[in-house]
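Every chain is named by a letter (A, B, C, D, E and F) in the order it is written, and numbering of its residues begins at 1.
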């Protein structure tokens, strides 16, 4: 099926892509690009393609939640993306506000989207190893405070009070966010490489860092993410 | 928790609200309002409040999928919305392109968002009876081609080829879309009234009506939905 | 498959039907009918057809639990019933003994009967909106103490001590009973209209109202239910 | 909790009990008793206590389906029953109409009643070994055509067309009925002995033996069952 | 499929077989045999065939856990075994260290192995009634301290701290071990007779009896188990 | 809890460990070690520690299936192992006999072991990225025919005929084996690094390579695996 939601055409999407939930973050990150052109605004998904350090890169907002991110991911892959990083925010379980969490995998509740793709199987939502290590390397090289870990991809922001943070911590879950599970599973099925860099915006259930602080974190991480993507061959 | 994603303030959201996935549809529907003011664009969620026939009404885009729609719904309710109609599109199972489907309920796959809210319970995703009947009445009064039925709220647009349309039809499922399940369940839990009017944009898996045709359908349905909401007391 | 358990013949069952678990309650309610004739006693299911206010109506006992009620419902529909109200008892969660609860929907644990009908889908167990509003209207018109809400349809009367009443209340569950889930799901699949009026006989886990008091409640509700059914066209 | 549905008193229920879904079958089987007295008719559950060969025995109808049978079983146990046989009918998978199936266990779909009693555990629905062997012995001693096997306890008589008979046969399932699963699980939890003798009334989905033929089968089996129960000490 | 893991040939495996997880226990039990010959050591599964009281018997280690035991069981059955007893250890829930538990059935968590064999069905993991009674009889005849009950077959020795012993006790679960569920289910599907005698080695989560004490228990139980097997015809 | 099954002492297990199901394969691989000493044979688990290229390494057999492998893994970690590679065999889905499959992750059916560790979460069974890349590098450096992919960790060798190879292939599953899922999940929870190198012994359901050929593959892979482990710091 050709893309239904993104109106970009083949050739307008680069093989390297950075995704974020919020179109505002995409606008912000586009400052890092040379010659940015907006290739989609349909359905509110902002997609911008430009260059960074001579390498073509596409930035795209995927909205909130696995079902929305899955659509954007599927359509970007159909349009040519093959190395994909989500640069989002997460609530900290063991990770702390202001830190970066490079997620090597995501836990999720089965059912819904996962059951539609996978039937009854529990499939590994895992970062591509090469991309993951490149992300860690570039983040650390810039002296950003970072850790590696597993995230829990929640589907219900306003029902997370039901989550038991100590159980999650006991399983090595460092943070909670909403899209990595779907992105990592679908990229793996489609043969694309994916990774996730998350900015810890708050302790789970606690107060959020100011928007400006998160914006600063995003620009620094964006530089690292784009550098990591550039290191991968197609 | 006060709203995190919508930056509208108390008083800027009306008790009557119309929701759509696409911010473009919200822009279109705002033509039906007198004195429309945009009260949120944060995270790409377009929220506009104005008047129709002397009654205040808020229009809001909820993005794609249950997790996104759940956030917008939770926050609109915290901001004062109590009578809520989703005006979206659906793929037809028994319903046909060009028809309106007023959904009295939604089937969904358990897990994910539902499990976070409900634990193991299967909870009825059902329209508020009074609002539902008012919607049917206003749609029919305008001579619009309409039927009533159950929808299946899918979480995975690009895995719907796994759906067995004849099984769905045997259960009385008239169409497939992506948000009614979450909206109807959460509204019921929060004590708000909700209903759904869907424009059948295509046969499941088949070609879509032109954008313009769906826009025309949306304006007609918007008029009916706003009239129905006006008939409800607070 | 023609009915296996009910030995009534086509023509002996009216389009309007009132169901109760207990054959004793059917006997009681038959006092409200003119010219009652017993059309089935097979398997202990008492089915009586007569007239009320000039409209033909069938009363039927469905036994206890979803599997039993499902059989009686399926066979009544095959025999001609299309507007169906369960008039039963429920334990109160937020509702109080002596009140009537007009259930707009039912929550249930998936598996068993539901999985046999629905596979993995969670399907809305919701009252028909028109019938539901007619029931509320007739109950209120008579000044009966009533509320509207969602019930939980339990399958295990003697394992309900495992239910967490505060969790149920947080989901808007007003009472617990044993058959509405199956009746509302199957009626919807079969294209019949169904609704539920429940007499709160006790607080969940607490002492029951005397049998006589419940009998009085049933006669008053029976009058309201039959009036509501009479208002529906076929 | 003292019994809510059965109005029999302590002392009116024997330690040996024979159960059937249909009150008509209980009436028939009571012909085998000396001095039968009806100790309950409440809720349509017919309970008769008498003697056979000098041993006191109670006959009880449990209605249709696990939830109904579970209530009757729980209440009979509270009233003193401890050795319990269900004498019912089943559709044949590998067993043939006219045969008796002495069920050594029952398969069931998890969820519903089972989840309320057991949480997530799959618990063995198995006949008491001593009672089971005594049943087989008495059935065979009378020259009745019998086999031993596993049954599938369905919750949805009118959705059994979804059952795949060849899959069931591959698991050694000889017949399909509706209550053995609940009875065997709950008896085991409560420390009572239970067994099941089933009359194959039809091939699954096929035509039924005449009522009279099943009645004849029931009287013969009733004699065998009561003899088996008499052989057990308390 | 012919056996892949056991290299014994047809004729080298007796119809009566005793299984244990630990090859050391098989070596120990082989002292009870006349003329023991080792017929497999491949994959570390020790299989020894000999005679006891003139009856041929095979001893086999099945490793730890359902998946391993299932393979050994399937291959032994293909090689001729038809009466099979697991003689293992269990942690006591209600049973006490030093006691024997003759398991009439096993509870298990669905999924994994069970779902591969059974799909969604919960199938009874129950001992063969005749074999079970013979086991109890032989154990008691020797004056060994024994009880009968249900076990829980855990799949995760180091996650059993999550088990709630009081919930298990409330369901009549006397002990916890790791293989009876798979063995009893698969034997039933394959038409073989199976039973389980367990030595309670510790209270769940508590200290273990000395290895020598368990060895003594095993030799006494081995004598009883072999006697019970000898009493069955083929 | 101190190790119950492995009788090795602290200091006798190296931080680098290679695991295989079959003790015979451990014996074979020990040829690659200098100064091998057997540190456990209890329960049939063969554990050998020696040196390779001056680096200490432990070889251990884990038996068959997740529950067995989980015990060995948990105890090895308690005894000091922290970098762990399973070197096993797999049936090929897309991979072919004679190839090596370096598994970056494992899909599994939820329930059983996974539910005991994880509750309802689907947790990523993913290889440690650094170890995984080192494994690929060493395998390729030796010119061994290799591919990277996801495996399905089955729990039921003799029920794999139920697996749908084309569905698995559509999800990018290259092979089927029985332990990677448990090993990768538990290592991640315990903070150890784990990876998996699999020798494709047959096409799923087809004939197996000769034992000798698999032995040759194992020795070559053993050399590569030990080299990869040596490259990791503690």
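One rule holds for everything that comes next: contacts are C-beta pairs under 8 Å (C-beta built on N, C-alpha and C of every residue); 3 or more make two chains touch, one makes a residue touch a chain.
Just so it is clear, the model here is predicted, and its values are computed rather than measured.
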Request  = Work out which chains are contact partners of both chain B and chain D.
outcome  = C
Remark   = Common contacts of chain A and chain C, by label, are B
Query = Does E-F or B-C have the larger number of C-beta pairs in contact?
reply = E-F
Centroid distance [mean C-alpha coordinates] between chain C and chain B, Å = 30
Task = Measure off the straight-line distance from the CA centroid of chain C to the CA centroid of chain D, and report it in whole Å.
result = 27
Note = CA centroids of chain C and chain F: separation to the nearest Å works out as 57
Inquiry  = Counting only Cα atoms for the centres, state how far chain C is from chain E in Å.
reply    = 49
Remark   = Shared-interface residues of chain E (touching two or more other chains) are 108-110, 114-115, 117, 120
Note = In the complex, the residues of chain E that touch chain F are 1, 4-5, 21-24, 42-44, 46, 61, 63-68, 70-71, 74, 108-117, 154-160, 162, 178, 208
Key: Touching residues on chain B, where the partner in the complex is chain C   = 104-110, 114, 117-130, 132-133, 150, 152, 167, 170-172, 184, 188-189, 191
